[in-house]
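Next, two complexes with chain A in common: one pairs it with chain B, the other with chain C.
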Partner chain A sequence: MALAIRRSSSEVFGAAKWFIRRDCRVLSTVPERAEEKPVTPKRERQAVSRVRASARNPNLGLRHAYPEFLPDPNPKWRNSLREKLERSDMLKRRSQIDIPEFYVGSILAVTIADPHAQGKTNRFVGICIERKGCGLRAEFTLRNVVDHQGVEVRYDLYDPTVQSIQVLRLEKRLDDKLLYLRDALPEYSTFSFDMDPEILPEGTPVPVNPVQVKLKPRPWLERWERQELKGVANIEEHLKEKDRVRRELRATPWEKYDLMKQYRKTIPIEDQNDIWAEVNHQLRQLQLTRKTSARKRTFTTPKPQLG
Partner chain B sequence: MATGNLNLLRNAFSKLRIDHVFTRSLQRPRYRPPYWYAPKESATSDEFLTQENKQFIEEVMQDKMQLQNSLQSPLVNIDQNETPTWNPQTRRVGLIARKIGNYPLWTKDGKKVLTTLLQVVDNHVIKYIPPEEFNPMKTSSVQWKEKRKLGCMLVGSETIDPSTVTREYCGLFSNAGMLPKRHLFRFMVSPESYISPGTPLYATHFRVGDYIDVRAKTMDRGFQGVMKRWGFKGMPASHGVTKTHRRPGNIGSGGEKARVWPGTKMPGHMGNRWRMLRGVKILRINTQHNVIWTLGVAIPGETGATCYLFDTVLPLKKHSSSPPFPTQPLVDDLPLEYFDESIQRFDERSITYEEV
Partner chain C sequence: MFKSLITKLNCVQTSRTFHTTACLNEVRLLSRLRVVDNSEIGKRAMAEGKPPKVICVYNKKHVGYIGDRVMVAIKGQKKKGILVGLKQKQNVKVPKFDSNNVVLIDDNGTPLGNRIHVPIPTILRTILKEKTHSKGADYTKLLGIATRFV
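And now, the complex of A and B:
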């Protein structure tokens, strides 16, 4: 009898553990996935608890702003010492250059040292269409249309030839990759190089730009219709009946319930807590020093720009 | 009772087989372990271990660890003037390292280079056998008449729990006052680079800018076809090709050569072989964690693989000046990190190019 009780209690405990872990797992989703919150009336309680958990742990907010501090979740490549060394190198680089918070969809201006350019520097303005890589391999891609020609430049975030990264407009888009801008009308990825930075008032959440782009007629670079994109307006116009049938056949609606797949894609919350506890203090310090120096800079008179 | 006796009798008779003839095989055993080798794994069961006994074992191990950590490096007592000097013919001891991953560094001219990180974990010299006494097992029928010139130095890395290994294996280490190590490796060294057992070895055994040879086991890929194993092209996907898209095709010709020639490239097991990568440059060394950054990502094995580091034998990349000889002793005021002069540090200012 006693054994039976013990067994049942252990089962209850195991179930509770499983539930807690599942609940926490949602918090550790990859930044792209974490945005979408299925708010149904049945799940309201769970959603509330999620919000509470993230409010309790302020460090977890950093995983969207600094996604590259989380290592690659592939267990074959993980090593705690290597990750630690990598993080310290990243912080050292961040102490030399201001790497601001930005997202896919933000408009950035990047200045790099270029031995072949006139004046030995090169400035490029564009919309960030992709951001990927972990640690020192982190990279992002900027896209712009210059002289009716689409141009994309891939930058390493921690490359020491980068002189400055400036966020001209801080915003998010509806999708986590904007690669479809390559097949969209050029006005959606055209930005002038002398754009002024738009400054958001302090404390406001990062705005989401709900713009839906219009795609050019086919041929396309990818099968956009199969990717469940939210930021494309006219995808149905260009489809034939055949494409719709194929899309239905290829759809994988069960994948959002695949807990194992989600697990393999994410870093467990316990690991994340350790990482953010290590990094958070230094990041805050860097932000503070940046702010004070920026305040000082506002009083200097701007130099007249030549050319 | 009677049936029991009958069964015994039957068993005894069944063993008297007359059709089975024992013949001694003429083939010699291929592998005979060296004499210092002791079986490592011990199959112990926890059945009779009480909680107190476990605690006692823990305590003993803690004491031994403290003893080992308090051991002074034998290099301290050696007079610097007495030690022999390095010349290009001497062979130093190497290191046992663990591959812990890859990440990029940038050179001073702005080029991105990928590096491999090797961690030197807890390396100690365990034993030295001078060349006269060293008598290894004979692996080939060729007998070398010349006198041996190199001694054998055993180096171990990564201390493990002594209760998980056999007594004989622990005995190898007890002479040096060490706890057993997970990896034990033999380095052939010239007698003047003798280091007394118990000496710890650090990543600073090598210098930044040196070239090393790395020996490790390649990734095990299992049984692979000819396209992956040998890079064959396979056959077309269409145009009437049936069932031979990834097959090797012809493996021989007719006539006199109507057989498969030895060495023909065929499917088979790929990887899990010892391979030596020679001439790998060291770009950066961390003295606190004993980590070595090497140029390139070609070091064999997965993350976590064990590899052995030697001074390179490539004639153009050998040491030009004396490396730390016989090894670098522990010095307290070493800088935290050494960088090759071509490598940009992360806490330096961004790279700019001068206008010419």
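And now, the complex of A and C:
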């Protein structure tokens, strides 16, 4: 009896695995690193079909560049009318101000209109450690170390007081949240305020920075050892035997096979197609106008000749 | 081997009878602060590894927010100070710091040191102006000794 149960359960497991490889890819806003699995010869055919699926649907590339256009997948908070209105408002705001494409790990400079500051504007430079929120409530957090003091500022992406958002270095990191920089050595989050923007040649994919940070000794703000972080180099040397045992006990390796969990966390492909079809055209138009206006500006500004 | 694993399992399960969340990092009674000005007493207290303790927060919530006045116990004395940077979650556009920073002042609002060596949030300009009364203490003197605003 027990054997039979075990066998049947293993069959179910195998079927689930097969299903995940086949179909799960398409329904997602899951973080991008899930995609970059090494392709073994067994999986090759499915991988090719995946590539074809993404080539067929160019909109799917947008979900990483503009994640805030996708609504929150929680069904309690869904409201199609509100989402539609929010999207139109976001596009209106984007036509006023250039909100560039950036990722967690990119270095940004944000200028806001600040009634408390003396010059009435306030500029902050830092590395983006977190992006969250959907629609008009999208926000991101910048972190920097100024005068040996760690400072973090949270900004709303569609805040009307934001005057400009400039990407100084466009890159990604190995993790989708860099909150561990709070416990890392300060040199990993120190950026000078007069940094020059680094321009990538057009058409290159966004580079992934493979730097691994070193953590300070404990106490830490969170239990980083349980979070399967890729961007931390020296996590093992700070752990005791007790922590390793508890990490094993707390590990949830089955969660990547939990289809329902993934489904609840993501927006289905059919819904995404509608959304991207609605905003794609205008986003492209905005990008084009930005490009032409930037080119014009570079041609028209004459350099003042001194002396 | 197997036995030891079971005992470990049991101890873990029994130790999780309560819910644990991340702490709020609020400035409350008896929380430790970091003195960020160059006053003599503050520098010595920080160098000795005995940072000041909050013994009174002058507001009705008993939780110190940015720009609030606190009384601290520092090197056996009672001093007043102003919170100029907090670790707890802040509003949008207000900077959050990695430590709870305080600047020591006397009863008139004059800072004890003459230089602050960490950045100060710009919102303090408005907050301290609002807290200053024409005949009472003038807290805006603190802004004069700041080196950098964020």
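Criterion: the second predicted complex is superposed on the first by the 261 of 307 C-alpha atoms of A that agree within 3 Å, B and C clash if a C-alpha of one lies under 4 Å from a C-alpha of the other, contacts with A are read in each partner's own complex, and residues count from 1 in each chain.
Just so it is clear, contacts are C-beta pairs under 8 Å (C-beta built on N, C-alpha and C of every residue); 3 or more make two chains touch, one makes a residue touch a chain.
Owing to the predicted nature of the structure, the values given are computational and were not obtained by experimental measurement.
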Figure out whether A:D156 sits in contact with chain B (first) or chain C (second), or with both, or with neither.
both
Looking at A:P115, would you say it contacts chain B, chain C, both, or neither? Reply first, second, both or neither.
both
Check whether A:E139 is in contact with chain B, with chain C, with both or with neither, and answer first, second, both or neither.
second
Quick check for you: in the superposed arrangement, does A:E222 touch first (chain B), second (chain C), both or neither?
second
Would you sort A:R246 into first (chain B), second (chain C), both or neither based on which partner it touches?
second
First (chain B), second (chain C), both or neither: which does A:L85 touch?
first
Of the two partner chains, chain B (first) and chain C (second), which one does A:I199 touch, if any: first, second, both, or neither?
neither
Going by the contact rule set out at the top, does A:M260 touch chain B (first), chain C (second), both, or neither?
neither
Which residues form the common part of the chain A surface touched by chain B and by chain C?
114-115, 156, 159, 161
Counting only contacts in the complex, chain A reaches chain C at residues 112, 114-118, 122, 124, 139, 146-156, 159, 161, 182, 221-222, 245-246, 249
Which chain B residues qualify as touching chain A in the complex?
100-101, 103-104, 106, 110, 112, 117, 119, 286, 289, 291, 302-304, 344-355
Given the complex with chain A, which residues does chain C contribute to the contact?
8-9, 12, 22, 36, 85, 90, 92-99, 101, 117-119, 122-126, 147-150
What residues on chain A touch chain B, complex-wise?
76-79, 81-82, 85-86, 89-90, 92-93, 95-97, 113-115, 119-121, 135-137, 156, 158-163
